[in-house]
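In what comes next, subunit A is part of two complexes: it sits with subunit B in the first one and with subunit C in the second one.
== the complex of A and B ==
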């Protein structure tokens, strides 16, 4: 599902508070109902903390969740 | 569900039954569709409808005796549609180019048709199209002679007959004019030369001897292949008899059953139910010139009177059935296919999970189609096969678990008593909606019932039942029963109609009655205010549909207090669910919202509800709704009980939890700990975020948990410009995100929250 980067420039302005660095796009694995997907998402390059934006959560992600639930 | 069950179920939905006009037509011409086309001014379309049902439509359309009219439902509202006259008007318009005649390849049988009246011409045409070598014998000098004799030229112009016959003759192997057919010997002789013989008795007359030769019963047809028909004054029946004879001959020559699958042949009854409730009477359109028949404009107006007979009674009253765009027969098929699917999307999941299970459609349906049973059974199947979408009911099931847990559940004998003869079980939602009413109701019950009344807080398990989680429901039920037994098997008094229905259906050994039933037979509490002047419209909860005694008790209480009330058109047995039933609110919140809006619009009066959820759902869409208990125990916070807002999801939990603690403290003098997970994390939710929390079903507790984890672990994102923080936590099957900032006054301000079910792999 999520092959392209799912981040707006605004998402990449967030900083990891602990590591004091900006998030960068990096491949992240997300799972649901035994299915795995990879997507480039904003992530702390040091500790790996990932941001799922509201747009992604309520948009594409919700859509895919629905598809998987109906599979 | 197996194929047979599906077919049984499908047959109970009568929407696809033929309209009465079509059922009454020997040829089953679709007069409803025909009228629809004429009303739209679509003459070519109307022609096509006639062609689909009628042989030789240019002829039959002019002379049809329209037995359909006797069955027309419009007759009860102004007068039957003049379908025969409409047919004449149609076939006088230019005929669209006929579709290419599809003739089957030659099949090797030979048939003689004697007589070229309507039945003979029809039989000859049908048999020729089926691929037989048909020879037509006519005693007269021209084909169609019987028709030209029977009808004057103004009604049936010879040119019309000529044209139809001209189109027919190329299909025939031979035409014999002036044939001598009155002698039985000739017929016998023909019988020897041909594989089958059809006698148009209107054309050739009925020979006097050896009658069995043309009897159209099966034995004669099978043994001799000689059939007769058409000896009726009805032109459409003549044509139909020719058509049926052609079918019989075809089957005989193919050596297959003559009768199988022909039960529906010919005019018959229909099960289609047609309501005339919303139909304004209107008389038939008059003809300016009766002899000439309808003009095109007159015909369009007359066809416009056709009510396009349909049932759809259930769809008319249920926005859910309407939303999915079809009707129960089709839904049964979709649900069956949904279960049968191996690969691909289960497209009916939402259909199955959106039903309120309220039973209104079954109540309305002339055949009691059990939509709720179908959906509930399907949900159970989905759960059993692990195919239930996890998100469909989870929020409601977690709420049920809350009600069953230590923060709300409670069972106590009355203060100072060591046993219970009665047991007040207010249910989870009254306690969630109006906790302040529980103690005074309990106190009143203890005064009016002559034996000790215990109290039990918890949930009846309806959410698990509605979600199709049978095993879970059985667990809840068993636990409830154990507690009830431990209380000494008291009689249960219920404030919630859903609890009452659940107990009646699933715990029949538990004596249970409605609080309103007790009230109706007891001294009432005092009204908190003078009765309202304007009548309140009673909204019966859907779970009282089959307990009229509860509905009566409520009206009795109102009468005793001189509270004026009125009935909604869809009330009592036909009441509508507020959207909570069957967990529709969880599985399809938008539709639930639409449904409660529709319910709210049924009357401009303030509503009176006696179910806490109904009241709250109506209040949530701005409908002024008072709960029966509000008349006696109004909330101090809201002086206008009909305008009391619906408490949100978090408040509903908080209310239950606080009620338990307050009751324990006030009645039993027991102190109990505050079990809120993070009571020290104080949140200030920005107003815009508060509304989102409601629609996204995110609890304050979820936010507290996220912030607690974030602040403990330090895993927080920070925005360099705004200084706002964003963090997430996985709680159960959901990841919650919160955007927040420390508040100046202490605690945190919450600006936004959202969630997703996908999990980021660690």
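== the complex of A and C ==
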């Protein structure tokens, strides 16, 4: 299922340039400050390349950055 | 024992005559002392820093800022020209506005030296003071203080005036007795525009209150937290930490803060400083230094609040405070959202930008959590955290943990004072750095407080 803010149906129209296959939603682990976070993101099922869309970068990731912004 | 000056010389005051005298830092192994000699009253040496993180590494270089309005002429030199003067290196982040000298407690430690008797500022007087603050400090956070400000009969009207002057964050510095006893007060203050309560909170049992405040107060403090939670006012617990009294309660206070989140938005520790009249200088054993407190937090919470999350401030002088941000995922599952960075990786940052960031962060973090958005707690086990749930939880359950080391006549470093961003509005409208305003000589003589 597509999580709002993390991926869109349009993202899944992308193909991996190297592997020539459509991206699929898959659980991806990202690490920040020694903490592991999981999110379902568009990923190449062959090589594992992950798409970070502009919407994700300017949306949810910016939100996370704001949460982590300290004084 | 290796004794060596580890820092450039600075200046301080003689605790006896309050004359300006040279001072320097003296290192003995991992501990650092401020040493100074008055030609009349002799040598004074006071512990400033004990153990790791290392004193010399606890830096956050800043390009100096300036007050919004530095109208005080430099006639006598720091710290005798506060108002602020052009030598000051930071703008105002928070202005403390004292609205009464009356108090309903008679505490063993009180920088304001308040007790039962006193008087209230009138609303027009406060109005004029707020206008002066607006001219001198620009946009800053306002903390209403005293005395005990909740005793002021026109407190709600004053909160409204603060808002009307355009200040966007207003906090009440209170012992919480009236908030805990008068169920409607919190709602009235919320309706007037109050964002946050800075709640004197010295421990999780009554022993500390008996020693520091003269009577058991835990129940009324908890009632005050509940009243603020119901009204939608953010609460910051503010323990005064005194060696031999409540320094062993640091972990218990944080655990309670976790239980009380999201009503409690932060814990702000204040290691005791020595203002007022002292027949003998405070001994080094009477002091708790910032690195000791960071280590105590980690040790007393079993590592749930890790010391590596704490960093020096970007607003005030680095050696005045530390802060860290945590997220309460579930009771017992807390993650650090901040981390100490080493000084070598960061070029000097603008003090002005640091102040603006601190103003915004404080107003956001110490205000009430957004209502009606509370996410289910995470399972207490480890493993990756769902980013979506993390974002949702973080809207309500971030907890700031910070501490500020106020300077007294023995520990005063004028270099630190010039970087101060917390200013008290003198009744005549001048803005005075907090530690200068409250500083007293050994005989109780004051520099600025009327």
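Methods note: the second predicted complex is superposed on the first by the 64 of 71 C-alpha atoms of A that agree within 3 Å, B and C clash if a C-alpha of one lies under 4 Å from a C-alpha of the other, contacts with A are read in each partner's own complex, and residues count from 1 in each chain.
Going forward, contacts are C-beta pairs under 8 Å (C-beta built on N, C-alpha and C of every residue); 3 or more make two chains touch, one makes a residue touch a chain.
Worth saying up front: this structure is predicted, and the values here are computed from it rather than measured.
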* Asked: Thinking of the overlay built on chain A, is A:63 touched by subunit B (first), by subunit C (second), by both, or by neither?
  -> second
* To do: Have a look at where A:52 lands relative to subunit B and subunit C in the superposition and call it first, second, both or neither.
  => first
* Asked: Looking at subunit A, which partner touches more of its residues: subunit C or subunit B?
  -> B
* To do: Go through the superposed model and pick first if A:13 touches only subunit B, second if only subunit C, both, or neither.
  => first
* Asked: Which of the two partners, first being subunit B and second being subunit C, lies in contact with A:23: first, second, both, or neither?
  -> first
* Common interface residues of subunit A - those touching subunit B in one complex and subunit C in the other -> 29-30, 33, 36, 64, 67, 69-71
* Quick one: which bits of subunit A touch subunit B in the complex? Just the residue numbers, please. => 13-18, 23, 28-33, 36, 41, 47, 49-52, 54, 56-58, 61-62, 64-67, 69-71
* Along subunit C, where are the residues that touch subunit A in the complex? -> 311, 313-315, 323-325, 327, 335-339, 354, 357-358, 361-362, 383-388, 390-391, 394, 398
* To do: Could you please specify the touching residues of subunit B with respect to subunit A in the complex?
  => 344-347, 349, 389-392, 714-721, 725-726, 728, 735, 737, 752, 754-761
* Complex interface listing, subunit A residues touching subunit C -> 3, 5-6, 29-30, 33, 35-39, 60, 63-64, 67-71
